[in-house]
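Below is the structure I would like to discuss, written out as structure tokens.
As written, the chain order gives the labels A, B, C, D and E, with residue 1 at the start of each chain.
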Amino acid sequence: MSVAIEYYVLLSMALFCIGLFGILTRRNALMFLMSVEIMLNAANINLIAFAFYHGNLTGQVFALFTMALAAAEVAVGLGIILVLYRNFRDVDVTVPTTMRW
Amino acid sequence: MEGLFDYAPAIALFPLAAFVIALAFGNYLPKKGAIPGIVATGGSLALSLAMLAAVAGGEEGYYHDTLYTWAAGDAASEVGPEGIEFTFGILIDPLAALMLVIVSLISFLVHVFSLGYMNDEGETGLPRYYAGLGLFTFSMLAFVYADNLLMAFMFFELVGLCSFLLIGFWFRTRSAPSAAKKAFLVTRFGDYFFLIGVIAIAATFGTLQFAGNDSFIAAAEAAIDGNEQLFGFGAETWVTITALLVLGGVVGKSAQFPLHTWLPDAMEGPTTVSALIHAATMVAAGVYLVARMFGYYALSPTALAIVAFVGGFTALFAATMGCVKDDVKQVLAYSTISQYGYMMLGLGVGGYVAGVFHLMNHAFFKALLFLGAGAVIILMHHEQNMWKMGGLKDKAPVTYWTFVAGALALAGIIPFSGFWSKDEILYDALIVGLEEPLILAAYAMGLVAVFFTGFYTFRMVFLTFHGKPRSEAAEDPHGVGWSIKLPLLTLGVLAVVAGIANLAPVYKLTGIELTFLESWLEGGLEGTTYVAYTELLGDVYDTGFIGTESTTVLIAAGLSLALAFSGAGVAWKLYNVPEPVRHTEKLGGAYDVLRSNYYQDEYQVWLAEGLTLPLARAADRFDQTVIDGTVDGVSTASLFGSDRVKRIQTGIVTNYAALLVTGFIVLLIVLGILGGWFV
Amino acid sequence: MMIEALIAVALVGALVTFIAPNRIAGKLAFAISLIPAALSLWMFTVFDGSGNALLDGELAFESQMEWIQLGDYTISWFVGLDGISLPLVVLTTVLTTLAIMSSWTPIDDRESQFYGLLLFIEANLIGVFTALDFFVWFIFWEAVLIPMYLLIGVWGGPRRKYAAIKFFVYTNVASLLMFGAFITLVFGLGDAVTSFALPEVASAMLDGGPEGFLGVGGSTLASIVFVAMFLGFAVKVPIVPFHTWLPDAHVEAPTPASVLLAGVLLKMGTYALLRFNFTMFPEQVEAYAIPIAAIAVISVIYGAMLALAQTDLKRIVAYSSVSSMGYVILGLIAYTQFGVGGATFQMVSHGLISGLMFMAVGVIYNATHTRMVTDMSGMADRMPVAVGILVAGAFGYMGLPLMSGFFGEFTIFFGAFGAEQLPYSELFTPLAMFGIVIVAGYLLFALQRTVFGPYHLETDYEVGRAPLHDVAPMFVLLGIIILLGVAPELIFEMITDAVDPILENGGEL
Amino acid sequence: MAVFELPEWTALAPALILVATALLLFVFDSINPRTSNRSLLAGTSAIGSLTALGVAVWFMLAGVGTPSVDGGRGVVELFGGQFIVDQMALFFMVVVAVVTALVAVASYDYMEDHAYQAEYYSLVMLAATGMATMAAANSLVTIFIALELASLPSYALVSILKNNRGSVEAGLKYFLIGALSSAIFVYGVSLVYGATGHLQLDAIAENLEGAGEYGGLLGLGILMMIGGFAFKTASVPFHFWAPEAYEGAPAPISAFLSSASKAAGFVIAFRVFTTAFPIEATTAVIGIDWSLAFVILAIVTMTLGNFAAATQDNVKRMLAYSSIGHAGYALIGLAGLSADGGQLVMGAAMMHLLVYGFMNTGAFLFVALAEYWGVGRTFEDYNGLATQAPVACFALGIFMFSLAGIPPLGGFFSKYFLFVGAIEAGMLVVAAALVVNSALSLYYYARLVKAVWIEDPVADRGTLSQPTGLYAAIVFAAVLTVVALPVFGPIADAALDAAAVVIG
Amino acid sequence: MTTGPRLRLGESLLPGVLAVALFGVMALVVLNTSFTTQMADAGYPEGISITSEIGYAMLDLTALQSTEGNVGNTEPFLAAFILIAVVLDAALDASLVLAKRESEGQPVAALTSVSGSPGSTDSSQVATTDGGFGDEAETDVAREDASDTETGGEDR
């Protein structure tokens, strides 16, 4: 129980950057979505760790909200991916490039 | 009589009214506007004569009044008052009164002549013609009685406008508009210096009055006496500079070298116009201006000498060119230039009376010659080439005899008017020249010019009237009416007798008081009288005599008369034959030079078209490419930048994420380093 | 409230005209424009102001109303007239009326919009010349651009799109520069000012100037602001080398727009220079006298040379405007009563004369559908009256005495010659004066080739006499030009009255 | 003004009215899922948003949210400080409500063939609720949730033309960048929480001192939160979604997003940075003035937006980039904050957002009209529209010149007050950038005016109909843009007062 | 199914460097931060039910909240709670709109697979008013609808 707070933060940062790595390298929309979830959860780790650190529950409660919002985001995201697939017959996020410049 | 002066403005306003009437209603009037013009100039003539009488009979002998303040304001002048007023005023002193009479008389005669020359010949656009004449007469008269330099300048410019309009009267041809443009442009070039002069004088002395205690002439004299520094120059130097600047306008208007080139071209206008404007009056404006502010020139020996030298040179220079012309009007044009050179010479050597005297005489005989030439042109069905004339002597005696009278006057044959005035000028030049080598050179040129004058004058007379008719037109001349003969006769008489006005040699030889003009010019406003000028000139020029005064007079008169006769004699010998030939081959290469007017036109045209125009085109190209190119370049560069910037948006969302993260990292690093987050 | 009435009439008139049917729009707009013209002439006769609007003068028709409180600064609706602005207002109203009449012939498309825009311009121009609060002034100043942009763009010549956008962007950029400079100045003045009212700023400037801002010292700041504002206005005037928008805009604009552009819009720049730079910065004027005078001379000569090289009549007149504006700058920098007063007079005079010239060229264009000097000759044969006026206008442009142009030029030259404020004025003045020779050169050259000579026309049109409503406005203008040339004191007196206070602060009086 | 006292929670009435309208639309939808009674739906939305607008204006005039010392009714704190209703909140509620109303009216015609009428309007109203709530949110929790409430329906709205590739692509990009940004934002929140132990803005400010050692962490958190705001306001470098989203989305939604959503993004930025991170205290902790970040962002954003807009061929995309440019202008409001004030510059930014609400919405609605007519999307396609639809094109001219900041239109004032503010704050570089960009922007705004007014049509098009709703919305927006001139005094007062309260 | 979602490997990992870089920078920040409080000293007071405290905080039941120790500093979350209800509503609405498919211009329930052939009239209700890609998209949709009726469920 006495892991130093730095490591929690570093963990969350690592997670955050892993998520980011996914976003930057994966072209599949679903992977993209999942990566975003990882990043959100990285924030949750922080929140919970800091809640403990500060001894109040604010962070913990906020983490709950974050999860709910993540779910909502995924719902909308999947809807968009659905119409994306219907239109482009692909879920590769790099395919839709009809608008640029 | 004094109350009469209240009507002085009307002298100029009559022709102005004629101008308005002719312009507005000319088309609906009988004679298309000639009648109002004749009435108005007649009125002006009558009033001018009345003024002459009033000046002669009045106690003060002059009239000077400020009519109207054009503009006033504060301006610090070098010396003089803190404020300045630009006004319109009338100054009628003996000089102005004389000139008023000359101008209104000739204008009146030209109007009458025009009935025969223009109306009867079925010209179109006559209202325009009479309006132009009216406006010209107005401007010229107003110029003459202007009491200050600015007003003089303004009407000086306006006569230039009228000259432009009237030269270009036959605007449907190619040559007339071109000549009109040239006339205005060349005189404008002179006026440019004139205007600088006006402004410099105003800025220096805070006044532009010609006469009176607050005149700039008086102020200049005071400044010279006080050894003031004006604009960093000694007062006399500055007076010289400003006087020469004003002289620029004079040189332009009076067609002196090197701005004489417009006058021969100006012969594209109707001959009546040439008579009125380009011989008798407007061209005289320059000389008149010098006479008007003679006191100012008299303050500067340098300026006077330059006036004299320019005059002498022009007299000779133009006379030589007059010898080879074929067009009767061209001959007259060069003779005009030459004669104004004499006047300048006269004024420049201090012969104030002589200059004014010649101005008057020349006005009469040159107007006569031009009108005579106009009559000839009518006779010849608008043929102007002398080589196609001949033998008109018997068919048009009135024209012939009046023309000969004018020619004798022009050539300076005793006792015609021209002799007296020209002789006086040469005499004045000689006596000064004996002490001043430069003036002597000017005198020499003037003297040589007498020979050429005699030659070209009689070459013209003989070619035109003598010998056998050399064309069909000459064999069957067109008749001329009373409206032509009447002015010719009037002027013919004047050309013969006008010399009586100032028989200075007679006075000098016999002591008989026949110098009416001199005594006339002795009157007037203090400081503008001949007496005052004589005093001033005493400081400027020393005079010398060859032997006694009488011998000098005789030598001078004899020399010029001999030269005039020999010139006339040569012409007699060469051209008073039934079938005259050109004799040009005798001149060899000189002929080409003369024929080309010493290439004066060429270099001036080159200045305008060979130098200025390419320069302007270069400036234009510079403007289009460099200056405007810079403006457009900024816009092009912006749009190019825009095109690059928008390429960042590749359309691939992963790239966006990458760029976004990049941006974020950059921001983080910048702020982190600045905020010390990494240490 | 008279000024408000003036502006309101024009604005409402613009709206009414905008929705009126095309058929009657021209006549309607003319009728409406008579109201401000009459009103301003009436104001001219009852004018009772004295002194300079910015320097404790007695304003005529003053009206002030608080509008916006912006932090520590108040923005007010503040208008009034003094001897400088009144002639320009009259010029605006009269010229607009005449321009409307002169558009009856050439404008045959979307008339109601066209005339609506003309009236809208008029409203804004009046505003520019009457506003005494910087923000209000700037609103009008910029708002002029929109209608002019459209006038050029919609009804202009073949390259109208390029010209319109160039005009719009170029002059606007300059305005932004000027705006920034002025705002900086206001902040630099610190507590001395609590509003953007020009009189307040002016008095603060004269009472010691800016304290400094952002570490820049007071006098340095004043110099920077002076230069920046000068550059900003230089584009509008325009002064070489910022003039290139002008020929394009003038040439492409429809005739009535050219009339207003040359007649009034260019005056905005010089008016602003007088109001701002030359009223508020006497020290800087002195310090920068030589470069500004040099620019003025260059504008005169270079502009005239450019005009000489042109073959398009409108382009000739356009470049000659550049040249003429150079005189105005010279008069201003002379900083004498005659110099500045003459410059102001010249603004009015050039407005009238260039308006006349553009109208005359427009009438010829209406008949021939070409403006190229090379395309025609002998036009005097077919349209004597119009050509007569063109010739008269050309001579007015050349500064023929007894026409207003001569008075303006003469007073400028006289004021500049030997001006104490301006070193080497005895050199600058004659150099600039050489413009009067070149102007004669190019105008006469153009006249000789176009209106004189045997009749000839390259384009395939029957040329007849110009209709009365084309010629009438030109007669009116010519009348005013001659009137002002003969009796310049009509406005010169009130101008000098308003100019004197400016010079008390540093010029030569 | 109010003669009776309302309970405190009613201070949130504008947001509540919006959400109630959304729920009402749900009810309609559930009663008749396939209703095509557009009048009812659009009318309800319009009435709802107008009511919200009315209430917000009324509250503002009544002095709700003005500190009592100034004679107002005091700032209302609700839910233990989770929400706060002050003048700034009300000001932005007005902005949101106006834009929503315009969009609702315009959508009546634009969406007439669409299958999901009720859903469309309810999503609009929900997003509007989110934006209005953002204006009042006073805790990072509520801010984040409100942000999501505004975002999620927006994603759907952008891609609501489901068979239109552009719309879908736009939605996808918007969503992906949005998700990434909200992840970054929430991570930033977590770091701020880590540093201060609080999420309520006042509490954060109070605990800044205690966070002394965590300067880097707090700074990183703040920067990440800036990222979140930058996304919402379409500022560099989080702007990448904007051109595509605005271009692909139905035009009324583009209007909605670029005006209301942007304004909402700014209001939370204003609130967070003034309330939670007062400059002096924060600088002491993180070692750097955060306004520097906004200076950089402002300059880069306005430059990029305007430069990219200059050569666009597609009108909507041009407007999208111009919208980015305007975000840059509004960012000056944050960049200009400093320890000793910034009321002027922030107030100017608020005014700009309000006026921008009219003029930009109007401009996009004109595009909506053009799309409705089916004339095409490029500048060329717009050529000569003025001859056929002078009224709408007149309005477009007003919008364009107003966007360009030319008097006498509303855009002039706000933009120039920003300019004044920037100079007052001593940001000459920013002011210079503003000038350069304004100059460039003139070019492309004028280009659109040129297209409709000056150019001749390239091809014949049939007669153009005059859809009531779109026309009404456009004309209304134009009138507001013009009327802004005479009534700018009160607007400026309101904005400056609001800014003063927040800055304290 | 051949065109269904699939994992793609072997793509360019280059942009990933950015993530690594970011991690480096962020880690640098953390490593330079000195956390004074030891984790061991932190934490919640004994004897308090964290879960119930969370519940109280969420519903603003201040009266029930523990007043002891640091936990008492927990902020109220009622407003957020209400708000997130609306958010979820919105998310549901949004996802349903997107997920629904249309037939004959009428929305069809999101969760059914329609076996009937989606008519070509599909396009009639497409709002192509922004004019760009309508045609292309329509054909795509038609093709997709025809061939892929059962994937809808699976995609979800």
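Assume contacts are C-beta pairs under 8 Å (C-beta built on N, C-alpha and C of every residue); 3 or more make two chains touch, one makes a residue touch a chain.
Keep in mind it's a predicted model, so treat the numbers as computed, not measured.
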{"item": "Contact-graph distance - origin subunit A, target subunit C", "value": "2"}
{"item": "Chains touching both subunit B and subunit E, listed by label", "value": "A, D"}
{"item": "Most remote chain, CA-based centroid, reference being subunit E", "value": "B"}
{"item": "Pair joined by more contacting C-beta pairs (A-E or C-D)", "value": "A-E"}
{"item": "Per-chain CA centroid nearest to the all-protein CA mean", "value": "C"}
{"item": "Centroid-based (C-alpha) most distant chain relative to subunit A", "value": "B"}
{"item": "Length of the line joining the C-alpha centres of subunit B and subunit C, rounded to whole Å", "value": "37"}
{"item": "Separation of mean Cα positions, subunit B and subunit A [Å, integer]", "value": "96"}
{"item": "For subunit D paired with subunit E, centre-to-centre distance based on mean C-alpha positions, whole Å", "value": "23"}
{"item": "Between subunit D and subunit B, distance of the C-alpha-averaged centres to the nearest whole Å", "value": "77"}
{"item": "Residues of subunit A engaged with two or more neighbouring chains", "value": "9, 16, 20, 23-25, 27, 29, 53-54, 56, 58, 61-62, 65, 69, 72-73, 76, 79-81, 83, 86-88, 93, 96-100"}
{"item": "Contacts with two or more other chains, residues of subunit E listed in rising order", "value": "15, 18-19, 22, 26, 29-30, 32-33, 35, 73, 75, 77, 80, 84, 87, 90-91, 94-98, 132-133, 137, 140-141"}
{"item": "Set of subunit B residues in contact with two or more other chains", "value": "635, 646, 649, 651, 653-654, 657-658, 661-662, 664, 668, 672, 677-678"}
{"item": "Chains grouped in pairs wherever the two touch, ordered by label", "value": "A-B, A-D, A-E, B-C, B-D, B-E, C-D, D-E"}
{"item": "Subunit C partner contacts - residues on subunit B that touch it in the complex", "value": "69-78, 150, 153-155, 157-158, 161, 164, 168, 171-174, 176-178, 180-181, 184-185, 188-189, 192, 195-196, 199-200, 202-204, 231, 608, 612-613, 615-617, 619-620, 623, 627-628, 631, 635"}
{"item": "Touch list for subunit D against partner subunit C, complex", "value": "343-344, 347, 387, 390, 397, 401, 406-408, 412-413, 416-417, 419-420, 423-424, 426, 428, 431-432, 435, 438-439, 442-443, 446-447, 449-450, 453-455, 485, 488-489, 492-493, 496"}
{"item": "Residues of subunit D touching subunit E in the complex", "value": "19, 26, 33-34, 78-83, 110-111, 113-116, 119-120, 122-123, 126-127, 129-130, 133, 139, 141-142, 145-146, 148-149, 152-153, 155-157, 159-168, 171, 197-200, 203, 213-217, 219-220, 248, 250-251, 316, 371-372, 374, 376-377"}
{"item": "Interface residues, subunit C side, partner subunit B - complex", "value": "166, 169-170, 240-241, 243-245, 302, 305-306, 308-310, 336-338, 341, 378, 380-381, 395, 398, 400-402, 406-407, 410-411, 413-415, 417-418, 420, 426, 429-430, 433-434, 436-438, 440-441, 444-445, 447-448, 451-455, 487-489, 492, 496, 500, 508-509"}
{"item": "Interfacial residue positions of subunit A with respect to subunit E in the complex", "value": "1-6, 9-10, 13-14, 16-18, 20-21, 23-31, 52-58, 60-62, 64-65, 68-69, 71-73, 75-76, 78-83, 85-92, 98"}
